[in-house]
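In order of appearance the chains are A, B and C, and numbering begins at 1 in each one.
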Amino acid sequence: MFDLSINAFFMQLLTGLQMGSIYVLIALGLTLIFGTLGVVNFAHGALYLVAIYLAVSINDAMGFGMALVLVPTILFILGLAMERGLIQFFYNRPHTDQILVTFGLAIVIQELLKWVFGANNIPFAIPSWGNGIILMHEWFPFLEGFVVYPKWRMILVVVSIVTVSAVFALLHWTTFGLVIRAGMRDSEMLQFLGVNINRRFMIVFGLGSLIAGIAGVFGGPVTQVSPEVGMHLLVPSFLVVVIGGMGSLSGAVLAGILIGMAQSFTAYDINLSTIIIYLITVIVLLVRPRGLLGAKGVFE
Amino acid sequence: MTDVKSDKSNKSASGWSRRDVLKASSVGAVGAATPMFFTKNAWADGHDAIGNYPVKGSEVVFGFNVPQTGAYADEGADELRAYKLAVKHLNNGGGMLETLKPSKLTGNGVLGKKVTYVTGDTQTNADASRTSARRMIERDKVIMVTGGSSSGIAIAQQYLCHELGIIFMCGLTHSNDTTGKDKRRYGFRHFFNAHMTGKALAPVLSSEYGKDRRAFHLTADYSWGHTQQESMQQFTEAEGWATEGNIMTPLKTTDFSQYLAQVLNSDADVLVLNHYGANMVNSLTNAVNFGMRDMQKNGKNLEIVVPLYSRLMAKGAGSTNIDGVLGTSGWNWALQDEGSKVFVKAFTDEYGFPPSQAAHTCYVQTLLYANACEMAGTFYPPAVIKALEDFEFDGAGNGSTLYRGVDHQCIKSMLVMKGKSPSARTSDFDYLEVLQEVDRATADYDPSIFPGELGPYKPA
Amino acid sequence: MNIQQGFLQRNKAVVIFALIALTMPFWFPLLGGYSGLDTKIMIFCIFVVGFDLLLGYTGYLSFGHAAFFGIAAYTTGLMLKDFSAQIIPAIMVAVLVSTLVAVIIGLLTLKRTGIYFSILTLAFAEMFHSMAMAMLQEWTGGENGLTGMPTPMLAGIKMQGDAVFYLVTLVAIIMFYIAKRIERSPVGLMMRAIKCNQQRLEYTGINARKYKLLTFVISAMYAGLAGALMVVYEPFVGHEFLGWHQSGEIVIMSVIGGVGTLVGPMLGAGFMLYFENVLSVDLGEQWLLVLGFIFMAVVIFMPGGFMEALSRLYKRIKQE
């Protein structure tokens, strides 16, 4: 049953943080693309899927370092190609069409990967420096006795924090970020001012894809590598975006952690844990339709 | 006046014709459609027509319904390989036709008819599997349907086949319900079940890990998981173990860390993962990440048990993770009895690698069905069912085996398996080693412990 | 004068549909179809026609219509199992239950528009799905599905084979006729007005919410009826009936057929089920990949679906 000892509480907290980290990494790309381009990208889960398959293959062949360099790079290029080849034709189409075409693309990507790699799971070996456990009771004296947590999952949390910070820094402290943020407000006005917004939009899409690449390299050993993973993550990540407020980066971070925590702390009761994420979605959207930190007027 | 009249006649004419069109077309359609399915032209060789009996023409069609898309697609692909091999052997001889005893199989088709087959995709979705099975039955006129890689799918098809008078030979299904609560006269299972796993595994566990153990269960929240957990708890407690806790995990779970956190907080020194497929791969990998393989609890090594093992799951989890982990299997290609040897050789010659346990059970099921038809001398389903019920045979890879009549469960020997370490592996198909062969008497159980009725020999 | 002739004229689509549907057992096997599949296609025709009233006419995209389909299916199953094998009371109760659920969900979700409405309906449906899988396993059978129903009966007729097909087809024709009537009625006008510009409609003093809710509930009733008939057709309820894949499939059927045309979605339903169950066999393991490509191609090149393709073709032939 629900255990309120300090150890149990601490473990649930870490687990919630760690589960939230993956949601945040995937939702970050989704919400960035939505906020700037106004595109609902149902293929984002499939981009993550591409990333984990690339990561596990490169990791096995050339080691983790190469995977860390190559996977986000390839994903960035893939994102650019996807924007030029498909998404740009859907900027002026209804959201329904965007959802449907990207959903179709997600099926195609998933089935192609299944064709190449098979439906079975591929074990993703954690590099030796990330393997093992952290003895939490040595770091946090308030814990009683023996409390451990996998090192890799803590690394994942750190990576997620670094990535989120980098994206925030990029958007707030660079000219590129300034233009993008202006574009999120009013892209038409920006074009009147002679800014080539299209090229920047393309780069934003690549950036969202690149974040999925980073998520894949570090998330792969946790989410595992099988064709179903993309679709499994798609719905919760999408709910995270909506709960946080579509297009709001800080909202996605907040909502991701919230959902992770909610799932972790309801684990003792299956009836609650299976519906908690939907329950939160319904409550948030009914009470505060624009999402927790959503901008006023966006899709309200 | 004339206006009214014409209006009236107009109305009746048009109304009549409309209704007539409907009526005539529906009557016509019924008449024309009837011969297309379920022709009840009775009394071919003394039996009335049931399902797709009598079989017309010089060929008899089997239906192989396996997962081709979704999480179990690789297992489905291996099942399909085994089915194709079985058809080849039925038509041309070879394989287990040489070792199955008693056998009336000739290697020249079944009852003088050449065996052909159609395939379908269950999508590991009960509704899709039923629609696919219906296609085979209604359009392709199969006499028997077989396949599947999970219990929900097997049960859904078993009910459908029973209603339509088609024999269903289960593929891989391990839930007690398949031959327990949901048993059907037209459904047969060669694979073992969760109850047998518990019975066979618990004594081995207590001899390996000692009698003074505390188990914590993580259980997939569906029928198979529940029966597996109940059986494991019952039999480990009979060995003297204590059950520290059990958490139901949703079937869709991909990250088990929130549950493992609770396990670590308990006094348990054994973790039982009542999971299959992707659930098992994820929960085992997560547990290893939590350092559970190198941990001590109550002064003993913390152990992980996976009651139901398969080669694909072991491969998916990776051999560093399964190294030394115990579980059960129905069959393994390393077995050295005659039946297993000829099957492995034939399969390897055909496809270049050894078969999985799913392939084995599917292959044997096809042969057993064909043999029952030969024994009955007819494809008439009630006669074939009677031939299969209480059929005693040997030479199919599990020693002397009984197809029990009261619940259609095969009673046979089974295997306790141990995960191989990466260095001990010899090939990409070599993940598990046989720790112990559990004989048929140990695996046997009283069928009356489960509810359910087989139902009549002739479908309603 | 000539009211009846007018009837035929006005309902040309319904008559053509009736003719095609009722003769299906003759021509469908020639295409590799079979009797179980034609019944299923008819059931999904009912489902998508109702769905199109919502999506095609008011523009509200529901990602949770599986909820009504599944709830009705479970209700029918439980009625057949525990009350009576007679289908009429079972169907009536099932449609009633899904209607009630639709009223509640509609009141809550229709305050939102666009993507938020889609997500809310998705969340509600997934909640029901999770409940059927976990909390309500005792009743729903969880992963194994609800089994053990008797053969459904209509008075003294066993609902098997042809009997089910003709019953379902008759219902489908009637429901299509009703949908056509709704399309032409003042309510239909309101529905289209909501799609065009909801705000302007409200400025004219019309209570748009009332009409939105009405449409939502009607389309849920169609879904419920389809769900109930699904169990009459096959006495089995799978948890997949409630899943988001089911909701998604309905959206896909409607879009590739052509939303807002009523006929298009039915074409889409026929195509999808035919592809999934007949053509897939020839394509083998990669059938889903091919379907993904087809689906993308339709959305990219034919936003109006099959109906757009047909009307383009028709125009071209007319020009020549």
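What we mean here is this: contacts are C-beta pairs under 8 Å (C-beta built on N, C-alpha and C of every residue); 3 or more make two chains touch, one makes a residue touch a chain.
Here the structure is a predicted model, which means the values were calculated and not measured.
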item	value
Distance-maximising chain from chain B - centres being C-alpha averages	A
Among all chain pairs, the one with the most C-beta contacts	B-C
Whole-Å gap separating chain A and chain C, where each centre is the average of the chain's CA atoms	34
Separation of chain A from chain B, taking each centre as the mean of its C-alpha atoms, in whole Å	37
Residues of chain B touching at least two other chains	69, 73, 221, 248, 250
Chain C, residues touching no fewer than two other chains	130, 133-134, 285, 288
In chain A, residues with contacts to at least two other chains	111, 270, 274
Contacting residues of chain A [partner chain C, same complex]	40, 86, 89, 93, 95-97, 99-101, 103-105, 107-108, 111-112, 115, 235, 238-239, 242, 246, 270-271, 274-275, 278-279, 281-282, 285-286, 289, 299-300
Sites on chain B touched by chain A in the complex	69-74, 221, 247-250, 252, 254-255, 257-259, 261-262, 264-265, 278, 281-282, 285, 289-291, 295, 312, 315-318, 320-321
List of chain B residues in touch with chain C within their complex	3, 7, 10-11, 14-15, 18, 21-22, 25-26, 29-30, 32-34, 36-38, 68-69, 73, 77, 118-121, 125-128, 130-132, 134-135, 138-139, 151-152, 155-156, 159-160, 163, 175, 177, 182, 221-224, 248, 250-251, 460
Chain A contact footprint on chain C (complex, rising order)	61, 108, 111-116, 118-120, 122-124, 126-127, 130-131, 133-135, 244, 248, 251-252, 255, 285-286, 288-289, 291-293, 295-296, 299-300, 303
Interface residues, chain A side, partner chain B - complex	3, 5, 7-8, 11-12, 14-16, 18-19, 22, 111, 114, 118-123, 125-126, 132-133, 147-150, 152-153, 221-224, 226, 228-229, 232, 263-264, 267-268, 270, 273-274
